[in-house]
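In what follows, structures are represented as structure tokens.
After this come two complexes, each holding chain A, first together with chain B and then together with chain C.
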Partner chain A sequence: MLNIDYYAAHNRWSHFSAGFKVALSITYLLLSLFAHNFTIPLLVLVTTTFLLVAGARIPWRFYLRLLFLPVFFLGSGCAAVLFDLAGNGSGRALAQFSLGPVTLVVTPNGWETATTLFFRSLGAVASLYLLILTTPVSDLIALLRRLRVPSLLSELMVLTYRYLFTLLETAGQIYRAQDARLGYSSPQKGMRSLSLLTARLFVHTLDRGNKLYTAMEARGYEGEIRFLDHREERLPRLQEAFYIGILALLPVLLTVGRLYLWP
Partner chain B sequence: MGRKKTAVLFLLTVFLTFALWPSYAMAMHIMEGFLPPAWAAGWWVVVLPFLLYGLWQLRRVTRQNPRIKILLGLAGAFAFVLSALKIPSVTGSCSHPTGVGLAAVLFGPAATSVIGFIVLFFQALLLAHGGLTTLGANAFSMAVAGPVVSYFVYRLTRRASPAVAVFLAAMLGDLATYLVTSLQLALAYPAAHGGVLASLVKFAGIFAVTQISLAISEGLLTALVFNFLREHNRNELMELSVISGEGGSK
Partner chain C sequence: MAIIELVGVHYTYEDGTTALRGVDLKVERKEKLALIGPNGSGKTTLLLHFNGILKPTHGRVLLEGREIKYSRRELKELRRTVGVVFQDPDTQLFAATVYQDVSFGPLNLDLPEDEVRKRVEEALRLTGALPFQDRSPQYLSYGQKKRVAIAGILAMEPQVVVCDEPTAWLDRDGCQQVMELLDRAAAAGVTVVISTHDVDLAYAWADRVVVMKDGTVIAQGDPVEIFMQDDLLRQAGLHRPWVLDMWLTLRKKGLVDRSATVPRTGEELKACLES
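Moving on, here comes the complex of A and B:
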């Protein structure tokens, strides 16, 4: 279920400085986001894929499956941009298609926007994966805390992250027990079972929360959750050079892009 | 022309396959990179005041009662788990509940904006649903617009019948989320002819396939959940009224 979380903690890059990985992925993200055609996002996609598979050693099968995850949204979203409803003032159309009373047309403009959008989103998603597949959530929250995000927000994030796994486990147990007793053998039964599950899980959550509060109060909790900020270790020279090399590649990519790819 | 027509037919088949594929029917998270930079940043600016208001409100409540903070953190985990479950949809396929209505009615809109934001953040990090640049837009539709609609529908109709009120709140909250997301996409990608309105029709039409049946299913589910809670867990519900700022605390 939470494979991403597993790989975030078990890859060659997981112990590297979170700040650097965030900066790297955000640079790639912005690079594809601001692109005006599909070449730069495609380069970003190739580079991030290389970094993830060859650098961080994320299994490529898993990574590929992950890239297909947003296919429903991407497919339908791009289709909505690609097709225009035919109107009186429609200009030149690349293709048209009748669907009962409505006629859908593909304009050159729509085609261009849709293809750019497709690759831009893929490049951006790959950059996001570069972050979430290499950086454990706890490191990210620690980074947010150092960036002075309101303490209430980061505290709630820590609690949410901490209890997400226990509650998922509990929900899974209830689900299996219900399923084994034919609780999901028809849609109606499924609806009833699922609502029972949700209600029980909710009460269970409150119960866990109250117990956690008691336990924390016994250990001196007075309304503020304090964290030990672990200091990040300095990277070995070789890795540092590798990183800087990657970042140095970006202006080169940009220049090449400006000169040859973005007319 | 014939070849192009075949191409279009092919594209449409591909699209319909994805649209009707049960495992892909999920809540409408705008994926990373789908919004142009200006719109992505704009929605962040729009959603920040709501988030800060929610945090300010919660800080006041948690200062009075430190236990609430723990409960809210766990509520976030609960909402995340809820969105990972599969709900049998009225059309026979499956989709994920959004939890918008349930959270809004249980915790009130201020707390829901914060919890919803955190849940969306973790969905982007752990499930790769949605994204970081589009988190502002997604938070506005799912953590602000939907819950606000749910909350007020519930407040207005609960005198008549609590069960119907919860059903309507969850269903209309889902529909509001779906329409706001469609509007966000339409604003970013207006159609060449007919502008934003025509584009809205396109996006809303495409997502209607999954979203309308999801809204009805989720309405039913939430109403059932509330019935169970009201029957067996009155005390817990009373406890929560402190967070949502209703009755109990005064």
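Moving on, here comes the complex of A and C:
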């Protein structure tokens, strides 16, 4: 999770307009979700991967690891769709396996449904990775604020985002300090140390909250958290035109493709 | 007239710890004041009285001669006049980006947006934080966070900046950058108050030092006069700044001019020896 945040803030696309990236990601997402076979989701997967690895320069190993996270769930889910019990349906079988008294078959229908499901989901996941791996959380929050999301929500997001990191850092520090004094040298000691860590973290959180409140009061806080976002710098015209071009052309190309090339 | 004056301030925390036992202190306009004393002597508690975060259990706080009654309006006025930079910048920085965080204070002063942006950019420039204005605090070094915390206060353009242990946990360059920053603010006419247990820093930097011990002020005055007094230093648990110590030793041996002004920094001491 922290790696995602790091790359989101440190890649070649970080400073691009968040609105553009959201639009791009949603376009790909919809293309994937409404596809009837696996060609378009596969294209989406290839395109997003290309944009992330070659465009935004996200390390490909890291990206592949992320992509494999859902593959496990997807695989097991699709397997259930792929196989059918012999004699259950009609038509020929592409393959069949015997498991004792049960015979599992793969029908053309099952094959198509399973592959479509698999690539559709993976394409959708990749579309969202395109957004979350390239867009700093602060930019997303700023975008939500421009879209007039209630300030209570954006304030909460800002505070949660900031304090997630300090909380994790503190937990890490306490853990290392305990570990250095052999706090995790046996399962029993580990349990004890972990409970102490949790209790300490709770106290620490309250303390942090109080200190934050004091510090905010010192800067004139009166019940409403207000802040300004740095104005977005515009991209060079040519680059902007290029990316908007990709965005606009893609659905057109795919629709043409669907109509004429892979009907 | 003193910009801030504390008269007989006592403060007891909710858990019964008495941190201040009758502090009388004046902060003069445009001075560079250092509060020194060992850990637990009440420096931080005292600083928190300067902009009304803590309210004295007994005693009075005066802003430009008027006693603070702690009404909402008065507190706002006090916080507009006096800015406090906390020791740990992580307690102060809460926003998702540096720019947002620095804009928080000036927006609370109900300034128009253009003015806020002008001040934010000026504060970021002054503290050298412009190159990382869009970054999130978790990706900053400790020294950078410290400078952003100071920018957040400078953007409010207070008349008094109060800095609790400005050099704590900073490396040498970090310390120097922060102190230069405070000096620049002082040169622009801001009153700067710091708390520190670093006697060398207080001696080199301050116009006036206030020595605290066990919740009271035991001495205040010119740094040279204060740090000359052996008894006082022993009583406060402080040692003599090395520059002064060395100079006194050299003077005893007749190696430096007796009538010359007392050096405050290593450079000045070297100059004494070379002349």
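Keep this in mind: the second predicted complex is superposed on the first by the 204 of 263 C-alpha atoms of A that agree within 3 Å, B and C clash if a C-alpha of one lies under 4 Å from a C-alpha of the other, contacts with A are read in each partner's own complex, and residues count from 1 in each chain.
Everything that follows uses one rule, which is that contacts are C-beta pairs under 8 Å (C-beta built on N, C-alpha and C of every residue); 3 or more make two chains touch, one makes a residue touch a chain.
Keep in mind it's a predicted model, so treat the numbers as computed, not measured.
Visitor: Touch test for A:194: chain B only (first), chain C only (second), both, or neither?
Guide: In the superposition, A:194 contacts chain B only.
Visitor: Please indicate which partner A:138 is in contact with in the superposed arrangement: first for chain B, second for chain C, both, or neither.
Guide: Only chain C; A:138 stays clear of chain B.
Visitor: Mind working out whether A:27 is in touch with chain B, chain C, both or neither, as first, second, both or neither?
Guide: After superposing on A, A:27 lies clear of both chain B and chain C.
Visitor: After the superposition on A, what does A:75 contact: first (chain B), second (chain C), both or neither?
Guide: first
Visitor: Should A:216 be classified as contacting the first partner (chain B), the second (chain C), both, or neither?
Guide: both
Visitor: Touch check for A:152: first (chain B), second (chain C), both, or neither?
Guide: Touch partner of A:152: chain B, not chain C.
Visitor: For A:39, is the partner it touches chain B (first), chain C (second), both, or none of the two (neither)?
Guide: neither
Visitor: Is the number of chain A residues in contact higher for chain B or for chain C?
Guide: On the superposition, B touches more of the residues of chain A.
Visitor: Name the contact category of A:124: first (chain B only), second (chain C only), both, or neither.
Guide: first
Visitor: Is A:227 in contact with chain B, with chain C, with both, or with neither (first, second, both, neither)?
Guide: After superposing on A, A:227 lies in contact with chain C but is clear of chain B.
Visitor: Considering each complex separately, which residues of chain A are in contact with chain B in the first and with chain C in the second?
Guide: 137, 158-159, 161-163, 166, 208, 212, 216, 221-222, 225
Visitor: Inside the complex, what are the residues of chain A that reach chain C?
Guide: Touching chain C: residues 6, 9-10, 15, 136-138, 141, 158-159, 161-163, 165-166, 169, 208, 211-212, 214-222, 225-230 of chain A.
Visitor: Show which residues of chain C lie in contact with chain A when the two form their complex.
Guide: 48, 51, 53, 72, 76, 79-80, 83-84, 86, 88, 90-97, 99-101, 103-105, 107-109, 113, 116-117, 120, 133-139, 152-153, 156
Visitor: Quick one: in the complex, what on chain A touches chain B?
Guide: 1-2, 4-5, 29-30, 32-34, 41, 66, 69-77, 79-85, 87, 89-91, 94-97, 99, 104, 106-107, 109-110, 113, 117, 120-125, 127-129, 131-132, 137, 140, 150, 152-153, 155-164, 166-168, 171, 175, 184, 187, 190-192, 194-199, 201-203, 205-206, 208-210, 212-213, 216, 221-223, 225
Visitor: Enumerate the contact residues on chain B facing chain A in the complex.
Guide: Touching chain A: residues 1, 4-5, 7-9, 11-12, 14-15, 18-19, 21, 24-26, 28-34, 36-37, 40, 55, 58-59, 62-63, 66-67, 69-78, 80-82, 84-85, 87-88, 90, 92, 102, 106, 114-115, 118-119, 121-122, 124-128, 131-133, 185, 189, 191-194, 198-199, 201-203, 206-207, 217, 220-221, 224-225, 227-229, 232-233, 236, 239-240 of chain B.
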